[in-house]
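In what follows, structures are represented as structure tokens.
Heads up, the next two complexes both have subunit A, just with different partners, subunit B and then subunit C.
Up next is the complex of A and B:
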């Protein structure tokens, strides 16, 4: 009896989490897959098996451009988050000497990420708008004599806001893997006469690559399904798959939205598996 | 002490600019929400008053924020409690190897990797097929849990990895049962981390947008209410609301940090 209890114990303890995830993650996704094959006659859906939802997606040029636009956002946001996150993480891990200050400065980076995304998007309006700080300064410096429209409601604004929203998801993992780098390796490289650039290229970058990989996975999955930032910062002028799905649901085209969601999921998972093939992230956990 | 290399100053400056990038926009809406009644959405500030901050609490044309705030607060607290209980329990299970642990680990991670809109769409479809009305306290709660639980679970794995089991073994040797050992030894030792998990659980839910957006039912949570406002409100009341909710978030983070300090200090004594 007591022995049975010991073997059962982990299963009982892990049961609530498993049940929640099965009910609200696995079943919904299986339902999406099923519904993506259902028939849709313009106003209601009926169970069945048809490929017409997928055919509609693959046949349309609008979808293709939307997918390409989404990849563009993923690529740009990924590029800029690495560009910012790597030096920030390096500074925190190698130049800040005491653990206390590392924790404090890391918290300074983290706190904005615990506040509302929507508010953080809105807070760009005073800077980017027609009458915003950037336009006013450009005009004051006589770089331009009429306000530049491109700042707010543009792809530029979308990428800027996404970088602002998600950069921590890159900083965290890179910082984490840099903190695990044995400092002796850096000293050894220095003693062997390596230049600062060589140390970065041969020691720090390879050893933080798993952190970069985890950060990349976060960025890919966050940006792939985005619609709020795209909607708000582009003023509805730009599109993404997430935004498309959201609009299709708005007009109750569930099977079409489901088919799009399945394609989105497949692409996302392919990207994630590709990253996992290149870098072994299990040692980070 | 070694002389600091040039790169130190360069990177310090970069870090400073980054912090400015993070907090600059906040301070802008904070200042602009303190304008007089004739205030606009951009600088310069027109007058100074608490008019817009006060307006948040009044009746709005587009809905009532006080009610949306109450809903989000309650939802956040529910998500927080459920997340803490479930993740501590799962964390305890993962201290031992068991058949299927790998499967559950990857199941949990995949909840982070699936784009949020799929969760919203999927739960929405399941509810409508079952003929259940979507509500913030049912479908939206479910959507939030798929986001908070994996984070909490990863934190708990880290916590138990570093956990020293000798105290526990000592308690067992003295004849304490599983329950007593957990409540009197394990729980007090992990208390500081639990505050962190609770903070994460609450704030991730309180600010969640995508995983709520299609499944909140007819009554909006606060982020949805604010998002709705962005399309039709052109007064600083938008900023005032932003300032107040952000201040609330900062307050919570502050309280949580003090709590963590307090518990850690008590432990080290």
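Up next is the complex of A and C:
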């Protein structure tokens, strides 16, 4: 009896988590996959099996351009978040000497993130607009006599807002992995006559690569599914796959939207696996 | 809770997913009315109808607490409101029939909602004043020679009646079975800032005028945006349509092709999806001429800016909303639903919405609940004899102002097309996505 109980214990322990994942992750995804094969006649969907939803996606040029556009956003946002996050994390981890100040300064980094995503995004609009702060100052300083229009409702605005929204997801993991670099390695490299650049290249960058990889996964998955930022900051001028799906859901085209979601999921997972192949996160942890 | 079937689970999961998705999407919706029930203690039950609670879903316009409170006071039973975007409203109406008792929606949603069988036919014999409803809802005719008599698109009269009590098909001629009871509608057009356009806007064609390059905006809701685009293209002589409300694939191809061309040329500053976006675009001066909704114009004016809801020579794009009954209602709940519909036409709601510029299905009833000066301003197009105050107490027009577009007859009579669901709806969405992605 007691032995039975012992063997049951681990199963009981994992049961809550398993049930939650099954209910809220596995079953919904399976449902989406199932619906993506359903038939759709313009007004309503009927259970069935058709590949026409997928055919429509692969046959249309729109999806290709939209995916390319989404990848462009992913690439740009990834590049700029690393550009910002790496020095910030490095400063926190190596230049700030006491743990207390490291923690305090890291918390300072998170302060803007205490407000909602939408608010942080929308607050850019009065800043960037035709009559916005930047344009007003540029004109007051006589750098330009006409307001610069590309600041708002453009890809520039989209990337700017997304970098702002997501940079913390990059700083966190990089900071974390840098904190665990043995300081003796840096001293040893210095003693062996390595230059500051060589120390970065040979010691710190490789050892913080797991952090960069984790941050990259965050950025890729977040930006691939983005639609609110793309819509608001581009003023509807630019599109992403998430926005396309949202439009289809809005017009009740669930099977098409589901097929798109399945493809988006597969592509995003492929990207994540590719990242995991380059960097073995588990080994680094 | 004991016998949750797997099917139920999937449904709930889907519902939860859809809910999450929609709430995220609509983070910047126009109005979200708090719907907390009024916490009055138990009262002595004199009549069973007092126990009834009718659950509404609807768009922001009429899902307002003031209306709920008045209805509860007048009718004695409870209402529960839920304000949604047009898209969410349709989604719930079609996919989650158990979630609502009353559907407050637009007529052009009906070709999508009615086939789901989630609404029951309304017995017009039980609607006391059905005969007094403005005729373009009931017969499609307004007054002799009015352009609205021959308007294109999903005009309310085309989807007003069902063939029979249990039919899912629309009847072109009046029957005893109605889909929705109308209570609010309006004529939409372009809004502009006269101080920034440097003059009056007189035609839809001016949206594509190079003079306003980079300063116009279009509505990014495919079913409505395409109609505005069609009005512009037709007005500028670039295209002719058989029926703007039911375009062929070739027509859609051509419209989108031209829209993409204009987009590439930089004609548009933005595309807006929600009411508040259009207000911000206009009041910040990013856009000087755009598709707009009537209360958005009022909101811009309330900021002290000049904004005109231009009467244009080609006419208006109309829309109409009404309330329908869920198939789930029966017995005393159904009686309550009919009482509500009769109350809806009785005038209080008409007066309330009328002071925001919407029209009532029975204008004479609505006028009873407005000051004569208000009725003159909103319905007759006469100069305001007093300051015009909206139902929430905010001043929106000064004494002497005249409503843009004039009287009820002039505005509604000149509706030439209605918000629509086309036969080629799927194709439209596909093409619209192309336009946005271009």
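Note that the second predicted complex is superposed on the first by the 272 of 285 C-alpha atoms of A that agree within 3 Å, B and C clash if a C-alpha of one lies under 4 Å from a C-alpha of the other, contacts with A are read in each partner's own complex, and residues count from 1 in each chain.
Going forward, contacts are C-beta pairs under 8 Å (C-beta built on N, C-alpha and C of every residue); 3 or more make two chains touch, one makes a residue touch a chain.
None of these values were measured; they are calculated from a predicted model.
Engineer: With both complexes overlaid on chain A, does A:129 touch subunit B (first), subunit C (second), both or neither?
Structural biologist: In the superposition, A:129 contacts both subunit B and subunit C.
Engineer: First (subunit B), second (subunit C), both or neither: which does A:90 touch?
Structural biologist: In the superposition, A:90 contacts subunit B only.
Engineer: I'd like to know which partner A:258 touches here: subunit B for first, subunit C for second, both or neither.
Structural biologist: Once the two structures are laid over each other on A, A:258 reaches subunit B alone.
Engineer: Which partner chains sit in contact with A:75 here, subunit B, subunit C, both or neither? Use first/second/both/neither.
Structural biologist: neither
Engineer: State whether A:111 touches subunit B only (first), subunit C only (second), both chains, or neither.
Structural biologist: It touches subunit B, and subunit C stays clear.
Engineer: Touch test for A:60: subunit B only (first), subunit C only (second), both, or neither?
Structural biologist: second
Engineer: Name the contact category of A:239: first (subunit B only), second (subunit C only), both, or neither.
Structural biologist: second
Engineer: Taking the superposition as given, does A:28 touch the first partner, subunit B, the second, subunit C, both, or neither?
Structural biologist: A:28 contacts both subunit B and subunit C.
Engineer: Could you give the residue numbers on subunit A that contact subunit B in one complex and subunit C in the other?
Structural biologist: 23-24, 27-28, 31, 118, 122, 125-126, 129, 131, 227-228, 232, 246, 249
Engineer: Where on subunit A does subunit B make contact in their complex?
Structural biologist: Touch residues, subunit A against subunit B: 7, 9-14, 16-18, 20-29, 31-32, 35, 84, 87-88, 90-92, 95, 105, 107-109, 111-112, 114-120, 122-127, 129, 131-133, 136, 164, 196, 217-218, 221-222, 224-228, 232, 242, 245-246, 249, 254, 257-258, 261, 264-265, 268-269, 272, 285.
Engineer: Can you list the subunit C residues touching subunit A in their complex?
Structural biologist: Of all residues in subunit C, those touching subunit A are 9-10, 13-14, 16-18, 21-22, 24-25, 27-28, 87, 90-91, 94, 111-112, 115-116, 214, 217, 220-223, 263, 268-273, 277, 280-281, 284-286, 423-426, 429-430, 432-434, 436-438.
Engineer: Subunit A touches which residues of subunit B in the complex?
Structural biologist: It is residues 5, 7-8, 11-12, 14-15, 18-19, 21-26, 28-29, 32, 40-43, 85-87, 89-90, 92-94, 96, 98, 100-101, 104, 107-108, 110-119, 121-126, 129, 142-143, 145-146, 149, 153-154, 157, 178, 199-200, 203, 206-207, 209-210, 213-214, 222-223, 226-227, 230, 238-239, 242, 245-246, 249-250, 253, 257 of subunit B that touch subunit A.
Engineer: Within their complex, state which residues of subunit A touch subunit C.
Structural biologist: On the subunit A side, the touching residues are 23-24, 27-28, 31, 40, 42-44, 56, 60-62, 65-66, 69, 118, 122, 125-126, 129-131, 149, 152-153, 227-228, 231-232, 235-239, 243-244, 246-253, 256.
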